[in-house]
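Note that the chains are named A, B, C and D in the order they appear, and that numbering of residues resets to 1 at the start of each chain.
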Amino acid sequence: MPQIITEQNLRNLIDLLVKEAKLVVGPKLSGSVVLYEPLTAGSDLTLDALPRRSSKELFFPICEDILSYKRENGAMKVNDVDRSKFPEAVLIGAPPCDAGSPAILDAVMSWDYKDEFYLERRRKSTIVGIACTKGDDACFCRAVGLAPDAEAGSDLFLTPLKDGSYACNAVTEKGQALVAAHQNLFSEGAGAEPKPFVDQAVAKLNLVKIKKWLEEHFEDPLWEKIADICVGCGACAFICPACHCFDINDEGSTDDGVRRKHWDACGFAKFTNHASGHNPRDVQNKRYRNRIMHKFKYYDDKFGKTLCTGCGRCIRACPVGIDIAEILETINSKQD
Amino acid sequence: MHVEVTKHDFEPKIVAFVCTWCTYAGADLAGTSRMQYPPNVRVLKFPCTGRIDPVFILRAFQKGADGVLVSGCHPGDCHYMAGNFHARRRFAAFRALLDFVGVDLNRLQFSWVSAAEGGKWVDVVTELTERVRTMGPMPEFKELEHEEQWSGAINTPELKEAYDSIG
Amino acid sequence: MNAKANKNQVTCIEPDYYQAITEAIRKEAVKILKDETVVGVVGYLPGRRKGTASPALVTTVEEAEKLIFSPACVNNLSVYLTKAKKGVLKQGKVGIVAKGCDMRALAGLMTESQLQREDLFIIGVVCPGVYGFGVERTGTLTEANIARKCRECTVHMPEGADVAAGTHAELADLTPEEAQEMARIEAMPQAERWAFWKEHFSRCIRCMACRQVCPFCYCEQCLCDKNRPQAVESSPRPAGNMAWHLVRAMHLAGRCGGCAECERVCPMDIPLNLLNRRMAQELKELYDFEAGLTPVDKGPLNEYKENDDQSFIK
Amino acid sequence: MCKSDNIYLPNLATIEAIVDETPDVRTLRLVFQDEQVRENFSFRAGQFAEYSSFGFGESTFCIASAPTRKGYIECCFRSVGRVTESLRRLEVGDTVGVRGPYGNSFPIEEFFGKSLVFIAGGIALPPLRTVIWNCLDLRDKFKDITIVYGARSEADLVYKHELKEWQERDDVRLVKCVDPGGAGPDFDGKVGFVPTVLEEAAPSAENTIALVCGPPIMIKFTLPVLERLGFTDDNIYTTLENRMKCGVGKCGRCNVGNVYVCKDGPVFTARQVKAMSQEF
């Protein structure tokens, strides 16, 4: 029997979770933009717009300390970050293109060496996804195999209904536990009809075919053409739910400071620059090629997944209008 | 012998960026003439005020300065002919920028102190120190140093505050 | 100045108007490519999504016939002449489609000896304005979807271009939102101003889009990259962000042409042009400098007068 | 240091000795401060580590000492960047951080019973030096050992004292060379580029493994020479390097195509290198 939660009760749920001292993160109006931020009350939740940044930052912060060092009485001491202090978190109101990203990133963060900063946050968080009834002409989640109602990655999945309430499906045990702990906010019933989804402009892509083309066309005139205008900023990578590249830097003096891990982008000219001055990806189109290859070939080679959820953020944000969906369509339509 | 000095509740940290040819010599003169001035000032010597990048001033505030003094040769006396003329324009612009983002300009002083003006150095330093003392510590940049984006903070103060207010 | 142009002030600019500019640009681009005046033309091509456009370097007549101008042509193309297309300039003269605001950047770059006028063929656009961010892209420009910077545009006419495409038209009775915002901030108590900027800068993710689209940010090594010594913290935290944006504003003072590209591309909507505008205002007041359409000998912070104001110096 | 699951946490090591190999290349001999780490740290020839200079960050170098020599590790670097220059400023007794060992290694056991030819250029000797000493310490397991090493000038030759030692040993054939114009009056080696000198030295390819490491240009001209000498791509090993931050396959910058140098490498056969996307 599906569970139903009214919008008011959803907001009440947030209030309760905040009271339980959980870190509740959801879309919230911050200045003039909607971002995933800690909600302090149910009324903070804004479900009108796709947040500018993806929800990956709950697991993979923009910038976080990974250790601190201090010289004490002449002896250097390195201190680990106490990851047990990471809060129990609930991500609420993430559409499938955001909720689905941890399911993709888990692979790279846990193969062989395990990034406990990411994984600990993952273990401590519950993801409440929500079916997407908005979307614009930049959206292409269907094209990369997701859908506005895809439950992948969500622990509890909400489907907006026409009467303003939500049908809930507890996808995982974490989701069930969340419902069970607040059972009085949910009611059983068939509920109203779901709100309709928005059509997407990009047709479903044949990702296998795209990957094959990428495999055979490391050198191709296409790369020169599409990245010709790329100005080399990191906007696409930083707001992407799936981009996971990072940099590690020390900040502080030689006696006292922290080492930080923070977002980095393959579009930056210095990303792969050797100290000697040699740069394997010395021009912008090689860097852009790496972006596409990483998402649609390399990641699949390594982990069997596509590193893209079709959220369309990079399309909306690109200063020069580079459209990854258009590039994929171009590749998809190639004959050989 | 130890000179008895007045004890204050707050001793401001003042960073002085000075040019080596005029103001540094002026400060030296003040010292050799045994003039007294507040020990709050930390002097950093540069070849010329033209070398003093506005980012140094920012950095000083970020790292805990409560007041900053920039001082060099009088116009026309620059060892490098025009360094201080250029600096004058740059600092005029920088002041406007700092003001626009909400920094109190009373914490930032510019002055021309020549090698012969030990007394002026003492006046400038004393005045700035006392002014900043009455203003109290400069919290803005220092607070910023400890702030994190919410995702990188293990437990943000805002959250704590929120919990407290709800609880 | 705009009072004179009253007869050209309308309530909306129809797609036809942009179509006429498009035709003129195409004609000119084809001509200069055909007679080999230029090796390529930097212009705009339509994007996949309706009502979008993106920059392009066209080198053939066929491509040139696809160039467009629409309210979606927001980019300042002069950035390509100092960054990505640097190499093109070495091969010969380049044509560039430039709005008035873009031409100020070209003039500034010439002032700084980054460009030579004779290396450029400027197809000036008599521009009535372009779209703002996140607005409805209907093809028609109205008060509702015009960019904030265009509301106070003083350079509709691209004077000094080799040719000008389009006829003068501009929207009537635009509220100067940016000037109002400036006034609002200036009127704030100091602590509130700090809070305003702190909140904005804290959102910054250091994607460097502002730097990368800026025609004037052409340094090979940026102060905010990893340096020795490190003046600006390179990790994206509030402290480093504040320093970065102040340093950037300072580095652009007296150089910025006011194209507001930094503000447009900011994925976090930080009103960066306000900083640039504040600096421009100060330099106008103090040294009577204004970024114009013609190159000058030296920028205001590269020269001095012996009697410059020094009332703030003891 | 207590056991932690933080993969970015380095072990602390003390600089026990410093050797200046050339005016800008320096070797640090490091001893782990924690007794347990010191005893348990083991690695294989070819693996690398992340060395940190606190306040400046981390840098990636191979472990240049031989795994057969316990109790310490050595790294060798040219000071060209932020971190390396700060490492250079450190003195004996100072502390650095070491994370590792990471990456794959040379399959030394597979080389047993074979002859070995080491070919290195400039600062690229350290990655092979670990193998050279590893093999010399197990000398009876191998047949002939030939080392061809060249640098731009006499001053740029690293491990000068060890070159001398190898030269004096009769179970090693050392051919050292410098680029034309780089030889001093007393230079006792050959003058010429590594590929040319290698061709002259003409080691037999019979039952032999070639290990090559050097700047891209040297590799480019050395591979055809090896081919002419009869080496197959499977018998040529090299070690790659790329800018790295994490060293553990997360940060996404060291990849050459879909190959992560930090995880799948740094040691590759010539066949593997040729199959890669040409982006290094």
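Annotations
Here is the rule we use: a residue touches a chain if its C-beta (ideal position, glycine included) is under 8 Å from a C-beta of that chain, and two chains touch if they have at least 3 such contacts.
Going by UniProt, the chains are A, C = 4Fe-4S dicluster domain-containing protein; B = Hydrogenase iron-sulfur subunit; D = FAD/NAD(P)-binding protein.
Values in this document were obtained by computation on a predicted structure and should not be read as measured data.
Seen from the Cα centre of subunit B, the chain whose own Cα centre is farthest off is D. Of the two interfaces, B-C and A-B, the higher number of touching C-beta pairs belongs to B-C.
Taking the mean of the C-alpha atoms as each chain's centre, subunit B and subunit C sit 35 Å apart. If you average the CA atoms of subunit A and of subunit B, the two centres end up 43 Å from each other.
If you average the CA atoms of subunit A and of subunit D (FAD/NAD(P)-binding protein), the two centres end up 39 Å from each other.
Rounded to a whole number, the gap between the C-alpha centres of subunit B and subunit D (FAD/NAD(P)-binding protein) is 50 angstrom. Those residues of subunit A in touch with two or more other chains are numbered 62-63, 81, 249.
Annotation for subunit B: residues touching 2 or more other chains are 148-149, 152.
For subunit D (FAD/NAD(P)-binding protein), the set of residues that touch two or more other chains comprises 82.
Applying the touch criterion to all chain pairs gives A-B, A-C, A-D, B-C, C-D. Per the touch definition, subunit C reaches subunit B in the complex via residues 185-186, 188, 190-198, 202, 223, 231-232, 236-239, 242-243, 246-247, 249-250, 253-254, 275, 278-279, 282-283, 286-287, 300-302, 304, 306, 308-310, 312-314.
Interface residues of subunit A, counted against subunit D (FAD/NAD(P)-binding protein) in their complex, comprise 66-67, 69, 75-76, 78, 80-81, 83, 108-109, 111-117, 218, 244-250, 252-255, 257, 259, 261, 264, 266, 271-276, 278, 280-281, 286, 290, 293-294, 297-298, 301-302. Contact residues on subunit C toward subunit D (FAD/NAD(P)-binding protein) in their complex (touch as defined above): 226, 228. Residues 15, 18-19, 21, 23, 37-38, 40-41, 57-58, 61-65, 81-82, 85-87 of subunit A are the ones touching subunit B in the complex.
Interface residues of subunit C facing subunit A in the complex, by the touch rule stated above, are 47-50, 52-57, 75, 79-80, 83-84, 199-200, 203, 205-209, 211-213, 225-226, 233-237, 261, 264-265, 267-269.
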